[in-house]
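Data first, discussion second: the structure below is written as structure tokens.
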Amino acid sequence: MFLSSSLVDRIFGWIVRGAGWLSVSILGLITWFVAWESLPLFQKVGWREVFGAKAWYPLEGAFQYGPMVLGSVLSAFGAVMIAVPIAFGLSLGLHFFWSRALVGVIRQILGLLVGLPSVVYGFWGLVTLVPWINQWQSPGTSLLAAILLLGGMILPTMTLMLDQSYARIDRSAVLAAHALGLDMPRTFACVVLPHTRPALGAAISISLGRALGETMAVIMVAGNIVQVPSTVFDPVRTLTANIALEMAYAMDQHKAALFFGAFLLVVLNSLVMVGGWLTRRAGEGVHA
Amino acid sequence: MLERLPVLQRWVGDTRLLTGVYWGLAWGSLGLLGYWVMQLGLPIFREGWVGISWGFLAEEPLRSGRAGGIGSILLATAWIVGICLMTALPLSLGTAILFRQFQREAPRLIVLIRHCLDVLAGVPSIVFGLFGYAFFCQFMGLGFSILAGGLTLACMILPVMIRVLEESLAAVPLAYEWGAVSLGLSRVGILLNLLLPRALPGLIGAIIIGLGRAFAETAALLFTSGYVDRWPQSVMDSGRALSVHVYDLTMNVPGGERSAYASALALVLTLLIINTIALACLHILQRRTPANAALSLGRSR
Amino acid sequence: MKNGAGADAYCRDGFCVLPSRSFLEVQKLSVWYGERQVLKEVHASFSACSIVALIGPSGCGKTTFLSTLNRLTDLYPSCRVTGSIRMGDLSILEPKLDVRRLRKRVGMVFQKPNPFPLSIYRNIAWPLSEHQRLRKDEIAYRVELALRDVGLWEEVKDRLHHSALQLSGGQQQRLCIARCIALEPEVILLDEPCSALDPLATETIEGLLQKLRSRYHLMVVTHNLAQARRLADEVAVFWVVEGCGRLIENGPTERIFLDPIEPRTRAYVSGLIG
Amino acid sequence: MRCSLGILCLLWCARSLLFAAPAQEQKLMVTGSSTVAPILLELAKMYEKQHAGVRIDVQSGGSSRGVADAKQGLADFGMISRDLKPEDSPLEGFPIARDGIAIIVHKSNPLKAIQGATVKQIFQGKIRSWKELQGADKPIVVINKAEGRSTLELFLAYFGLKNSEIKASAVIGDNEQGIKMVMGNPQAIAYVSIGTAESQAAIGAPIKLLSLDGVPASIAEVTGGRYPLSRTLNLVAPKPVTKSLARNFLDFVRSQEAEPVIKELHFVPIVVPR
């Protein structure tokens, strides 16, 4: 019995380690396959042509990624800027102002919003948001539309993450603050905020990743013109939209170019993650 | 932390004002959210309610989805999500256990996995779609199939499931494990007796989150499980997921709006039902397990 | 019982105490957590008497010393242990040692009662069934035996299948001890077993320890000097020297308390410092 | 490890399902243009109903994919929403329907007809305001199609434009998206498949199909061969088509039986008598 159960333990260890390695290998596989599939672009077109390209006309052999990277980054950052204060306000309300029943309802709604397919958001953006913006400034399909829509889409995720981080605070710290006679804003500033700063960083970096990665909704509202926008009313194309728009019809080097776009997305996203780690580490430093 | 208090007092002499600002921010945000939910949700319910019926849920789509129902699509979705969960759950559970129980044995592996997962969690779903297309469909030769779609989704929801499972395992107090280890008990025993029973709510939570993600996903499935909207006969058939169906109806099919709304409503209702069932499960679990009851008592004390 | 009847057994408080051949030899034991050294070159040999008390101010490495004895230090990722500990035929710090068998022989009871969140019965039955292949009725018998040993049987026999977390603190701690002795260890390490309990429960536990002293080697970390004096046959005094925990003196209780060699010990036991 | 075993099991099940089925089933694979796919999907369903044991899989993915798959033998038929080009050479084309491209604007736009040259100038960005076309003093929102779409190819070829010359303010993927955009934007101009546009206009979408060079954009005009900006939807296959199922299906697609289905989808059927 004794020996056998220690053998079981050893086997268990290997199984679990295997699971771990498999999870790691997925990222490796993704990077590898995406890079591998984008190789033909550089074999057929050449590095210099790709990075020196002045426009994106894949069928005419021009592959310029810069504006799309910019489009992705701008729309994602804008969305986060919009979503942060609202998410912040909502999480405040959830913890300090609203009754339990209301809180329950709001959480359920937020949960549903997270699960709503992006197509539904996009459809709303296309038929409501874009015409609305168009009233001020044509064409309506614009960076602004993308920012607003993405902001709305990441709002539930962000709120729920902040909500969870508030809930995780040690009750006794809050009680201690109350015992010291601190009122709500001070409790918030002195107890809740310092405790949740790392979580805020995590929420922002994850939402940023979500916004960068959103595809279906952005296609419908962003206008998809490959250009560097000069105002928020100019249409832009994001890397993700580019893939979804052209993938179904792409052949050969065009397809490779799209895979390279995906590769750029992975790189971009890794940068966001590294940024998240750094801010979190800095936050922990402040905390200590 | 409290030493900051005087500074704060100097900033805002009267905190009633600040409370008011917070209050306003909270209600203002709620107002925005409410307005937006109305904007988003009302059309779905209003238009969708007309189109949805038992027949609609059971039939095969006709004329590209303008008529008929979404029966075959629901089935394909269920298969895709099922395969996805069946693959992702053991994998993520294993990894979460590795994090909890093998910290001493494999610290470097754990750090590596953590970083990889952080990156993986942010990889856009469309990249997963491309990867699935290149790896599962082409390299593994699965073609456009439910299997390929499910596996791609599994890769996609893996990080988030691991995160949730890990958190639920971490919520089990270390003291139990120490007690067990000091008695020389096996890891498997600790897992089965101490960790898993306590982490069961987390497990359910992970399944729900995974399900939600998988149901809502469009981009990753476009290039992997394909468009075919007929009854799938095996996992090697191409099958259209519900969210892809909604996408197709709104974007490719003239006059498909009504069905699109009805399908979207079906999707929302499915999510709602799953959430409710899960909540009920959690409720029952918390009431049934004496240990849990005792613990929550202990916590309140 | 474990050491065989020695010729020079002596009696104390009416209990027969077994011979004084040393059962635990500690040599040059040093422990680091990361860069910080918490125990420095501990040399000691504990004779096979029944209760050893480890005393000293907080942070002097008592608990760490105790944890090294059943290799619980393995659980700290950054912990490093050097030196040697011999217990009978066993070299405890040997890397290839079957740790689980060691932990069966050297049980541990923690400061805060930590019964498993299972039923009272399963709390004892699960460790038993993991270490030995036993029939159901044998397990039931052993559970009852262990519970009787700690005097819990009468209190819980009607609710064996209720959660152990519903017991009071003292009962929980006794259950933890029962969980340990059900495995028939040679040594039981107790890390301040009474510090989280009220005086009444403390008294019960002390009585229990007195009862168990004839069957097991007990090593008790305590902050309570009176308790150490009441319980122990032998006392080891730990002290913080230049930032590291060290064992500064050990010997029979009477000598440590009445005629210590070290001036710091004298000051400590007389309540002047520490 | 556990999960890879699971995958293996799944694969095995899948295999058994897969290989059990085709014994009594004949299979056809059709891939290609998303414009043609809906027609084939419907026809395939009808055909399957009439012939038990036949399964026809239709996958959309663009005309170029249809050609590639048919060339490689991955598909029995490729669907293309354009006329055959010389580089498709080893393949034989089978026209099944005709479709035109309509220039559409919002219903509130006073414009009713447009000249080809004007369209070209608008899309080149030489005409920027509706004012120049006797409309409101509002900028023109030009909606272009994404690279690779056959609608774009046809449009460019007809007007002799290069995609890089087009100064668009939005790029869209599918026809429906273009229509929805025009519905929401009174200043927009776009070009989409006539079938789609006409059917949408028929259900009440606020869009208007402009007549091009004096010919109204309608299915009727395409049928009559008068509408200039039109294309043939083809099935392509390596010649000769030998598989009897493929021949039969092809005949079915071009039979009178299939006519109402194609009409219902707002395309112009091409019937080839058997």
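First chain written, first letter: the chains are A, B, C and D, and each begins at residue 1.
Operating definition for what follows: contacts are C-beta pairs under 8 Å (C-beta built on N, C-alpha and C of every residue); 3 or more make two chains touch, one makes a residue touch a chain.
What you see is a predicted model, and the numbers here were worked out from it, not measured in a lab.
Student: By Cα centroids, which chain is closest to the centre of the whole protein?
Tutor: B
Student: Specify the chain most distant from subunit C by Cα centroid.
Tutor: Chain D.
Student: Consider the two chain pairs A-B and B-C; indicate the one with the greater count of contacting C-beta pairs.
Tutor: More contacting C-beta pairs are found at A-B.
Student: Measuring centre to centre with CA averages, how many angstrom lie between subunit B and subunit C?
Tutor: Those two chain centres are 47 Å apart.
Student: Can you compute the centre-to-centre distance for subunit C and subunit D, using the mean CA position of each chain? Integer Å is fine.
Tutor: Each chain reduced to its C-alpha mean, subunit C and subunit D end up 81 Å apart.
Student: Centre to centre, by mean C-alpha position, how many angstrom separate subunit A and subunit B?
Tutor: Their C-alpha centroids are separated by 16 Å.
Student: Please compute the C-alpha centroid of subunit B, do the same for subunit D, then give the distance between them in whole Å.
Tutor: Whole-Å distance between the two chain centres: 36.
Student: Show the residues in subunit A shared as contacts by 2 or more other chains, in ascending order.
Tutor: Those would be 5-6, 15, 18-19, 22, 244, 248.
Student: What parts of subunit B, by residue number, touch at least two of the other chains?
Tutor: 90-91, 94, 186, 189, 250-251
Student: Please output the residue numbers of subunit D that touch at least 2 other chains, ranges allowed.
Tutor: Answer for subunit D, listing residues that touch two or more other chains: 1-3, 34, 60, 173, 177, 180.
Student: What residues of subunit B sit close enough to touch subunit C in their complex?
Tutor: 103-104, 107, 173, 175-176, 178-186, 189, 193-194, 197-198, 290-295, 298
Student: In the complex formed with subunit D, which residues of subunit B make contact?
Tutor: Spelled out, the residues of subunit B in touch with subunit D are 62-64, 83, 86-87, 90-91, 94, 144, 147, 151, 226-230, 233-238, 250-256.
Student: Flag every residue of subunit A that touches subunit D in the complex, lowest number first.
Tutor: 14-15, 18-19, 22, 55, 57-60, 62, 126-127, 130-131, 134, 138-141, 219-220, 223-225, 235, 237, 244-246, 248-251, 254
Student: Taking the complex as given, what residues does subunit B use to touch subunit A?
Tutor: Residues 1-2, 4-5, 8, 12, 15, 18-19, 22-23, 25-30, 32-33, 36-37, 39-40, 43-44, 90-95, 97-98, 101-102, 105-106, 109-110, 112-113, 116-128, 130-131, 134-135, 139, 155, 158, 162, 186-189, 191, 212-213, 215-219, 222-223, 242-243, 246-247, 250-251, 260, 264, 267-268, 271-272, 275.
Student: Across the complex, what residues on subunit D touch subunit B?
Tutor: Checking each residue of subunit D against subunit B gives 1-3, 6-7, 10-11, 13-15, 17-18, 21, 34, 37-38, 41-42, 45, 57-60, 173-177, 179-180, 195-196, 199-200, 203, 264-266.
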